[in-house]
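Here come two complexes built around chain A, the first alongside chain B, the second alongside chain C.
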Partner chain A sequence: MSSFLALLQRELRAYFVSPLAWAVSTFFLFVQGLSFLMIVSFLSDPRAAGEVTPFVILFTSFFFWITLIFVTPMITMRLVSEERRSGTLEILLTSPLSETQMVLAKFCAAMIFWCFLWLPTVLYPLIIERYSDVDWGPVSSGYLGVLGLGSMFLAVGLFGSSFAKNQIVAAAATFAMMMVFFLVPWFGSLATGETLQLVFGYADLLSHMEDFSKGIVDSRRLVYYLTTTALFLFLTVRAVEAKKWR
Partner chain B sequence: MSPNETKSQRPGAIAQGSLLTAGVVVVLALFALVNYLGLRHYERFDWTGSDIYTLSEKSEKIVQGLDRDVQLIVLLDPSAPSYAQVDELVDRYVAANPARIVRRDLDRAKSALEFQQLVADLGIESANTLVIESEGDKRVVNQYELVEYDYSAAQMGGSPKIKEFKGEQEITSAILSLVEAEKPKVVFTIGHGETTLEGSTSQRSLSEARRLLGRDNFEIDTWQSLDEPAVPEGTDLVVISAPTTRFTPPELESLSRWVGDGGRLLVFLEPSFEAGTTALKDVGLSEWLAAYGIETARNVVIDPGASVAFFGPDTIYTDAFGSHPVVESLAQTRAPVMLAGATSVNAGEGPEGAQIEALVSTTDQAWGETNVSEEGVAQDAEDLSGPLGLAVAVALGGNSEHTAANSETDGSESDESAGESRIVVFGDLDFATDSLLAQGANSLLFVNTFNWLVEREELIEIEGRMPEQTQLTMASGEIYSLGAVVLLLMPGSALFLGIWIALRRRR
Partner chain C sequence: MIEARGLTRRFGDLTAVRDVSFQVEDGEILGLLGPNGAGKTTTLRMLTGFLPPTDGSVTIAGHDLLDEPAVARRELGYLPENVALYPEMRVAEYLAFRARLARLPGRERQPAIDRAISGCLLGEVKDQIIGTLSKGYRQRVGLAAAILHGPKVLILDEPTVGLDPKQIISIRELIRDLGRERTLILSTHILPEVEQLCQRVLIIDRGRVIAEGTPAELQGHSDLSPELVVTLVASDGTGADAIEALTALEGMQHVSADGSVTGRFRARHVRDADPRESVFRLAVERGWTLLEMSQRRPSLEELFVQLTTAQGEPTEPAGALSQGSSEGVASETEPSDEVEPTDDVEPANAEKGEDPQ
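Showing the complex of A and B:
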């Protein structure tokens, strides 16, 4: 456990002393801030239909998905590939730390950084509350969706990083895998069979976030995020293990 | 590495590789299995403060009690204004009973032939509909029946806002109409100048009321009570709507027998005038209703405390409701109803065991105007003072003393196993006409009354939902300040920290 915590600490330090992580934070907060400002301007227009709450837009807008697509590979790209490039992976693999513990420590560090990125955005509902009533239920479920999606894509990113020596290759691989997830609604629109439509509908992330942002928490979404996260973490462990016997 | 080592390691690597592959296959199978189970057995939770995405208890009860499969076929185009609400609502119904309710989305591009065939079968004009199907029977809900819009913002160049989403009322009613074994039969008396649902007079049209009753699966018929002495067989509810001429004693005896045998009666009274005079007419029901504890009067209710601007003094609104099931939900939401030219109906002394409750009342500033003239209205000594009742509901237990008394006087035999008799009397019918039915909670009051009278309490209280809306009132200066915080200060702080860390590391 102490080895796990030591690695977690090391990973967190690596995030917070890295200028890249702060550049990512700057980009993230700027894009989210821009999105929030546009929502506020829209809702302040008396002609606006006002049929949505600001958080439905915040958690489902183009800006939300753009940040998700670009930020998660940037968070995970160096996690294993950097160890591989610098040769420290072999040292880690011969340490008392198991491969599973190593992967989990790196994943937990990425999740903590993901939460850190989103933390300042809690200010947005607090600002809205000054001018209008805020229903904190949908705000909380929106953040739950952010956590679920984040954990899934960070696991995908960790897997992408596990088989590449180069960080850029790792980010590109993650981006490519994430695109497959985003193409699900398109596959669904092509599918004619009811079963296929059901499967694609089940994995449609856009509709998932729509529900979360409205305040609907569906156990199917949570099962999907948790199992996908677990699957990619398992694959990452196996990819790291393979390094040992290859 | 020596050639011998390579040879000895190769089988080990192959074994490791096989083990890895097998492990991945097992985990993938496990992943598929857990997701399959998750897809089959799931729960939806509504975290909104107002439970806006939760089915009403009534709908939930009906849906969970289904004993046959129901298919919800969505023919709505995803670009339709109500699509998002319908999409979510249909999912809610499926989640409430996944074993019985199946959702089906019919895409007009992908399933063009099936789509066209269904549209032709249903004979629908607009393809933007929701079809509820069960064992071959189908009900169609048009997109315009699902949403009520508020066009007031359109005057300022804004888009219409969704005022009320009535999807749950429409879908639950459609499901009920498909699975209900028998349609409740409602007969409207004719022959006394009544306003019926069949036709409209120059003053009153009840076409929208008829649509609502049809939606709730009521079968509507008429009863010429002068020709046929007994209430037609199979009748569940008799409605007397705004008669202008008197009921004869044999007709009243028929009605007494009907009520005594556990029948249900709904009376809409309207003040009417003697020909060529301003004297209010007696339609001969006052004495008969008084025996059931319902006091009516020949007056027009005036309520300066609840008058409606730009309307006459006899048009009033009220949110003074009793605690009766018919108005319970209205009392909770304080949704007002609007009435025009009503006559007072108060709860009086009824037979023993009768439960008499006022449904709707006026303010205490009201009075019952008896001297209607062109000079205007003013309270006189003979006028009843407010608060005045505008509607009263009576429930009589089976075989009450009153029933027995009626049987003795008319020589008829009362049904010993008769259930509870129910009577509702309104001092107004105009609230249910096309011009006023959409106002306030008028339609809810109208439909709730019918459903309570035929003991379909499960359909009472399904109200339209107001979508969650946010309107901010921020001045442009405040928006600029906000922009400075969220676009400069917050990302700027992160940038500053990043630069500071980079500089420190360089040192």
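Showing the complex of A and C:
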């Protein structure tokens, strides 16, 4: 446990001393700021429908998907590939730390950084609350979706990083894998047969976030995120182990 | 104590290491010697568990590396080739990280870090960022991190490569100190390093062990004949008849003039013969003034070149040597006094100054 915490702490520190992390969070907050602008202009529009919560925008707009797609690979791309390139992986793998612990520590660090990025956006509903009513139910379920999708894509990114020696290759591979997740519902629309369409429909991430932002928490979706996260973390461990054999 | 049995490692069709076995006891320093690409790093990586062997096993302080990796790794300190460190961390901070990574209990951490810092002479840079350190300091940080948790077995992959001569001397002293109480394995292609540090040497070429023994044993059992360096001033000023006269002496094989100094000759003679007396008598007889006469065993360097360039039939020199080293153990006590004096003569030799560093 002590070696797990040691690595987790080191990873977190590495995020906050690297200029990349600050560039990423600047980009992130800029884009989320645009979301906030949209929320405010929505609220000040007298024609807006009363029953829709404006925070749907925060979790389903174009800006949300842009940050998810661009920011998660940037968080994860250096995690394993950098250690492999510099040779420090050799130190980690010859220490009493197991491969699984190593991968989990890196994933946890990425997850904490993801939360750190989203933390300032909690200010948006807090600010709005001073001038208008905020329904905290849909807001918190929206954040649940952020955590779920985030963990899934961070795991995918960690896997991408585990087989590439170069960070850019890692990010590109992650990007390609993420695209597959978004293309799944499109496959569904091509599929013939009701069952197939239904199955592919379940995996439609855009509709997931729409529901989460409206306060609908479907446990099947959470299970989907968790199992996908677990699968990719498992694949990462295997990839790290397999590299030793080749 | 570390034991390797039948270590073999294949990368696809390439066999990088083939059936390497050895055992190193506490307090012993084993040198792994070989040309670049001989399989030294692959062997060390298998010993540390970074690379699993295709075949064979490693036992560290009684724990099998594959069966009980966590326990075995705790007894292991490893300095990889090209010392990999996290450049953004400070020295003390990095050592603290490594202490926790090695699962050192909380209250033992600070004393261990202090000990490693003073042992590796890192006091003045302990608050510096690693990325700003010179190569020598980085090497020492790597070494400090490797010994931090008091491992019983220490494995160093080319610990002095890329250092300046002063740094090399200090690192070697440190290694010698470290080797007193633990099992130490180091790889290198620098021969004087092996002669100075190691009690035992394993010469590896193309993935196989081609020779094993103490540096003295290896020198004593090489096929190369010993050499006598003679410098003389002949009153009549001719060198040609000196070669002839020296060659005529009993036990002489080949005499040649040394190009660098007039009047210096290099005389190879059969291993059992000691022609020094007859050379002296010859000089008196001819009226030569003898300026220098020193005997030198073939250096590890020559042996190394001879062994590693024996292309084509690798079985032949290997066979000859394994025979030689088994003999060497039996006769170890006797020839030791024959080897010692040669070392004393050694400084007189110009060859000594040509340390590859």
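Definition applied: the second predicted complex is superposed on the first by the 243 of 246 C-alpha atoms of A that agree within 3 Å, B and C clash if a C-alpha of one lies under 4 Å from a C-alpha of the other, contacts with A are read in each partner's own complex, and residues count from 1 in each chain.
Throughout what follows, a residue touches a chain if its C-beta (ideal position, glycine included) is under 8 Å from a C-beta of that chain, and two chains touch if they have at least 3 such contacts.
Everything quoted here is computed from the prediction, not taken from an experiment.
Visitor: Kindly classify A:17 by the partners it touches after superposition: chain B alone (first), chain C alone (second), both, or neither?
Guide: After superposing on A, A:17 lies in contact with both chain B and chain C.
Visitor: Output check: A:25 vs chain B and chain C. Expected answer is one of first, second, both, neither. What do you get?
Guide: first
Visitor: Return first, second, both or neither, reflecting whether A:128 touches chain B, chain C, both chains, or no partner chain.
Guide: Touch status of A:128: first partner only.
Visitor: Have a look and say if chain B or chain C is in touch with more residues of chain A.
Guide: Per-residue touch count on chain A favours B.
Visitor: Which partner chains sit in contact with A:86 here, chain B, chain C, both or neither? Use first/second/both/neither.
Guide: In the superposition, A:86 contacts chain C only.
Visitor: Once chain A of both complexes is superposed, is A:194 in touch with chain B (first), chain C (second), both, or neither?
Guide: After superposing on A, A:194 lies in contact with chain B but is clear of chain C.
Visitor: A:6 in the overlay: touching chain B, chain C, both, or neither? Say first, second, both or neither.
Guide: A:6 contacts chain C only, not chain B.
Visitor: So, A:94: does it touch chain B (first), chain C (second), both, or neither?
Guide: second
Visitor: Same chain A residues contacting chain B and chain C, which ones?
Guide: Shared contact residues on chain A: 17-18, 245-246.
Visitor: Going by the contact rule at the top, pick out the chain A residues touching chain C in the complex.
Guide: It comes out as residues 2-3, 5-7, 9-10, 13-14, 17-18, 86-88, 90-98, 244-246.
Visitor: State the interface residues of chain C toward chain A in the complex, per the touch definition above.
Guide: 11-12, 45, 48-52, 69-70, 73-74, 76, 78, 80-82, 84-86, 88-89, 97-98, 100-103, 145
Visitor: Can you name the residues of chain A that touch chain B in the complex?
Guide: Per the stated touch rule, the residues are 16-19, 21-23, 25-27, 29-30, 32-34, 36-37, 40-41, 43-44, 46-54, 120, 123-124, 127-128, 131-133, 135-138, 140-141, 192, 194, 197-198, 202, 210-211, 214-220, 223-224, 227-228, 230-231, 234-235, 238, 241-242, 245-246.
Visitor: Which residues of chain B touch chain A in the complex?
Guide: The contact residues of chain B facing chain A are 12-13, 16, 20, 23-24, 27-28, 31, 34-35, 38-39, 42-50, 52-53, 84, 88, 95, 104-105, 110-111, 153, 156-162, 467-474, 479, 482-483, 485-487, 490-492, 494-495, 497-499, 501-502, 505.
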